[in-house]
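What follows is a set of structures to go through.
Two complexes, one shared chain (chain A), two partners (chain B, chain C).
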Partner chain A sequence: MTVISTPPPPLPVRRKPNGPIGPAGTTGSVAPGGPADAAGQVGADGCADGRAGSTGPAGLTGSADPIGSAGPGSPGRAAAPGLSPMLHRLAAERATGVLLREHGTLYLSEGRIVHAESPETPGLDVLLTTGGLLHPDAWREAVAQAGARRRVGRYLVDHGRISEGSLELCHVAAVFDAAYFVLGASGEPARFRYGAVHWLGAVRPVPVAALERETLRRRELLHRIWPDPATDSAPLARAELPAGPPVTARQGAVLDQVDGVRTAADISHVLGRPAFHTLVDLRRLVAAGIVRAAPPRAAEPEDPSHGPPAPDPHHPQQSGAIVDPVSALLAQPAADPGIALLRRLRDALEAL
Partner chain B sequence: MPGIDECLLEAMRLPGALGASVVDWTSGLALGTVGDAPGGDHETTAAEAAELARLAAEHRAFAPDEEIGWEGKEPPVEDLIVSNRDTYHLLRFVATTFDSSVFLHLWLARSDGNLALARIRLGEMAGRLVLG
Partner chain C sequence: MANTETALKEALASIEGATGAALVDYTSGMALGTIGGSKGFDLNVAAAGNTDVVRAKLRTMEHLGLKGEIEDILITLSDQYHLIRLLTGRGGNGLFLYLVLDAKRSNLAMARHQLKRIEAELEV
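This part shows the complex of A and B:
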């Protein structure tokens, strides 16, 4: 999230008079119980969510999966009761406030989602300003003028900065986009602040059930294109292909930003494009063998300036204690397209 | 200044209109829906229509001659028409100044729908939706 989108007015935190977690408390495996504490926060949702257990502890390597990768074919999919038991309860009690999770926040108004933000994806301000639809100054002015009244969206439309349709299209896209990341596997407990209202104001509220269905559908969509989520979060590099297959215009825009350093989130920011769109294009580029996760920077001795041994694929054993010839072969730079294909096959099989 | 709902309700006033939606063809998300959908499920219909729209929008074969480096502002395809024994589907791409991949989807009864009229009107609605 950029600097601009940090909420200017302080979020009011209001106490709910009684135990906010209602009768639905029995459904989840975590029962927060007890009335709201003095800070108005109610905890405990996160760890039990989704399939955090199956993805292992966070912070393994760069390829740690932020979104949970249980595939559509896996039995866990049908058994999943929902992405967040806490969100279900909040929807049922028509709560208003903000749900804070590891990968972002969901704002609810009377049980429906009115806004979502995640550091994994560009905010509404980036989406609106990147293509030139809205000048950044106009955005800042709207936030300054109408932020305290929590009517920034309305202000932009009423002052003719953008059309109602443009605001709705961008905002709904941004909400589903951010929610996809917010509802991903989380290693931290979620919290809910009753009464918090986002300064943008309601645009097109989305039912919680629709948001969850869409998030699950998006996971399946990505999995169907290419099952390995490594490129969702890792720095990206081009695969060394002799002659790359043709790419579409939107994929080409993504590919132009792949430089060995940028991640999907970085690229989305540069393009002013919802991050899920970037993930879709990246998985297609990976499936086509055009893009891969950049290798870790540890392999310094392989630097070509050190001399000729690296490019020779016939003597992989020279580099030291290589265990088996297949791994050695696959560890070579992809000079031969056949090897590149083998490597992709291996990656795909491992990811299944 | 029409929003998504006004735009869809206007589409539903066309003769023979059965259902309408605004769909994102990269994700398959239905941004807004009104009326009926084939099989009663707008979300599934949106995902399937998005696949069709994506193929049409992304393949060079369907782009006009001068389009070589389309950068996402102006869709290379204006609309798609699918007809079956009893209905028409009309998909109209929406040009936006922000990065998007959105189209309008109108489902028409073949018995009283007017495809030519619908095509013209839907094009106008697509323009008004983003320009206001």
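This part shows the complex of A and C:
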């Protein structure tokens, strides 16, 4: 079918050298559309934008938020390159199908976004059922009854399982949440499969421009709260503070899930909250010095992330394992609260 | 019953003096729906900015150890009222309604009352 050939995506003006951005995928390779595959598959725009998703301490200056709506002073810079040139073209040609990228998928219908999914984020079902808006059985029933007709959303509303307003709000939250990750840095070329339709059915389509604008605004928001993206993906640990500042109830719920093992994505699934919201809460907790990324070698037997450890009664063998806590601490310079504080200070100063 | 658009339209139509309204997620700062506003008054910018207002108040309450919930926040300008109403429904976790009123044409007590009713209709 149709094969779009694309120019290589624009390279970022500045790229943070040690950011988690692979230079791979900038070649705009075109996958051969196999004749057996009725759906045209197009490879392009693998790494739409080098600064995507990772805003390192010094990374996001100047070129940040080119069309964001957050800053009142930024309306004039609308000509900046988008997050995904391919998505722009698909919107322009009013395409219907699914865009497959490294971190998830975007479903389009006549050029507008109707659904988005990412493994990094809880799906619509989790958002609906965890908060008690919808019973899991009702969801399963709707998928079974209306999935084949691709009208699950309509079915839920028509059968009085959920109000149209609630479904819309949860759906739009899920779409923007997943899109934030789908449109993040990607090391693989994207593909588009024409004609694919999601089984949920249309709820409230979102224009591509609005999605991109919001995604850029979200990046800038995270960067403004705390510039280091380390806690977005790493296992998280509490920083040992003598007396932590009080946190809001929503942040408290996130903090309760921080156990030295779970990541932001894990916490979002447990709480049934959009993953981006967890990132926001976590960056605020990091900025307040309450949470930090767990040291990379925080192995369970010694678990230095929990500071001077009281022996865990559930793991009596552990107390024997920590033969020399001093050398364990020395091997983990990040565990020294003084050094951790200095690093945070340095990061904050660099971000100014 | 109502979807977001209908509820916001109703807010604008039924509340005397209302010139704009938005439904806002205060963690991300995103407006999930807007109605009204003008070239000189971008509701998306207002939505993002007013999340800081809500957050500051929530934090202050934590610092003070207050256990009550915020029902609404009123900001009076010389010529406008800005009314923020936090939604409390099961799914309304972390949302607020934001209403802009023309001070000369509006009745504040009535507007608060109407906003409460619209919240109920949203069923979030």
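As a convention for this text, the second predicted complex is superposed on the first by the 230 of 352 C-alpha atoms of A that agree within 3 Å, B and C clash if a C-alpha of one lies under 4 Å from a C-alpha of the other, contacts with A are read in each partner's own complex, and residues count from 1 in each chain.
Following the convention adopted for this analysis, a residue touches a chain if its C-beta (ideal position, glycine included) is under 8 Å from a C-beta of that chain, and two chains touch if they have at least 3 such contacts.
Note that this is a predicted model, so its numbers are computed, not measured.
Student: Clash or fit: what happens to chain B and chain C when chain A is overlaid?
Tutor: Aligned through their shared chain, the two binders clash on chain A.
Student: Going by the contact rule set out at the top, does A:Gly131 touch chain B (first), chain C (second), both, or neither?
Tutor: A:Gly131: touches chain B and chain C.
Student: Please indicate which partner A:Glu168 is in contact with in the superposed arrangement: first for chain B, second for chain C, both, or neither.
Tutor: Both partners, chain B and chain C.
Student: On the A-aligned overlay, A:Gly111 touches which partner chain: chain B = first, chain C = second, or both, or neither?
Tutor: Neither partner.
Student: For A:Arg217, decide between first (touching chain B), second (touching chain C), both and neither.
Tutor: A:Arg217 contacts both chain B and chain C.
Student: Looking at chain A, which partner touches more of its residues: chain C or chain B?
Tutor: Of the two chains, more chain A residues are contacted by B.
Student: Now for A:Ala253: first (chain B), second (chain C), both, or neither, which partner does it touch?
Tutor: First partner only, chain B.
Student: State whether A:Pro119 touches chain B only (first), chain C only (second), both chains, or neither.
Tutor: It touches nothing on chain B or chain C.
Student: Tell me the contact category for A:Leu271 with respect to chain B and chain C: first, second, both or neither.
Tutor: So A:Leu271 only meets chain B here.
Student: Contacts for A:Gly187 in the overlay, against chain B (first) and chain C (second): which applies, first, second, both or neither?
Tutor: neither
Student: From the superposed pair, tell me which chain A residues show up as contacts to chain B and also as contacts to chain C.
Tutor: 131-133, 163-166, 168-170, 172-173, 176, 204, 214, 217-218, 221, 246, 248-250, 274, 276-277, 280-281.
Student: For the complex, give me every residue of chain A touching chain B.
Tutor: My answer: residues 127-128, 130-133, 157, 160, 162-170, 172-173, 176, 204, 210, 213-214, 217-218, 221, 246, 248-250, 253, 271-274, 276-277, 280-281.
Student: Which residues of chain C touch chain A once you look at their complex with the stated criterion?
Tutor: Residues of chain C touching chain A: 1-4, 7, 23, 25, 27-30, 32, 42, 44-45, 48, 55, 58-59, 62-63, 65, 90-91, 93-95, 122-124.
Student: Give every residue of chain B touching chain A within the complex, in rising order.
Tutor: Touching chain A from chain B are residues 1-4, 6-7, 22, 24, 26-29, 31-32, 43, 47, 58-60, 69-73, 76, 94, 96-102, 128-132.
Student: In their complex, what parts of chain A are in touch with chain C?
Tutor: My answer: residues 69-70, 72, 131-133, 163-166, 168-170, 172-173, 176, 204, 214, 217-218, 221, 245-250, 274, 276-277, 280-281.
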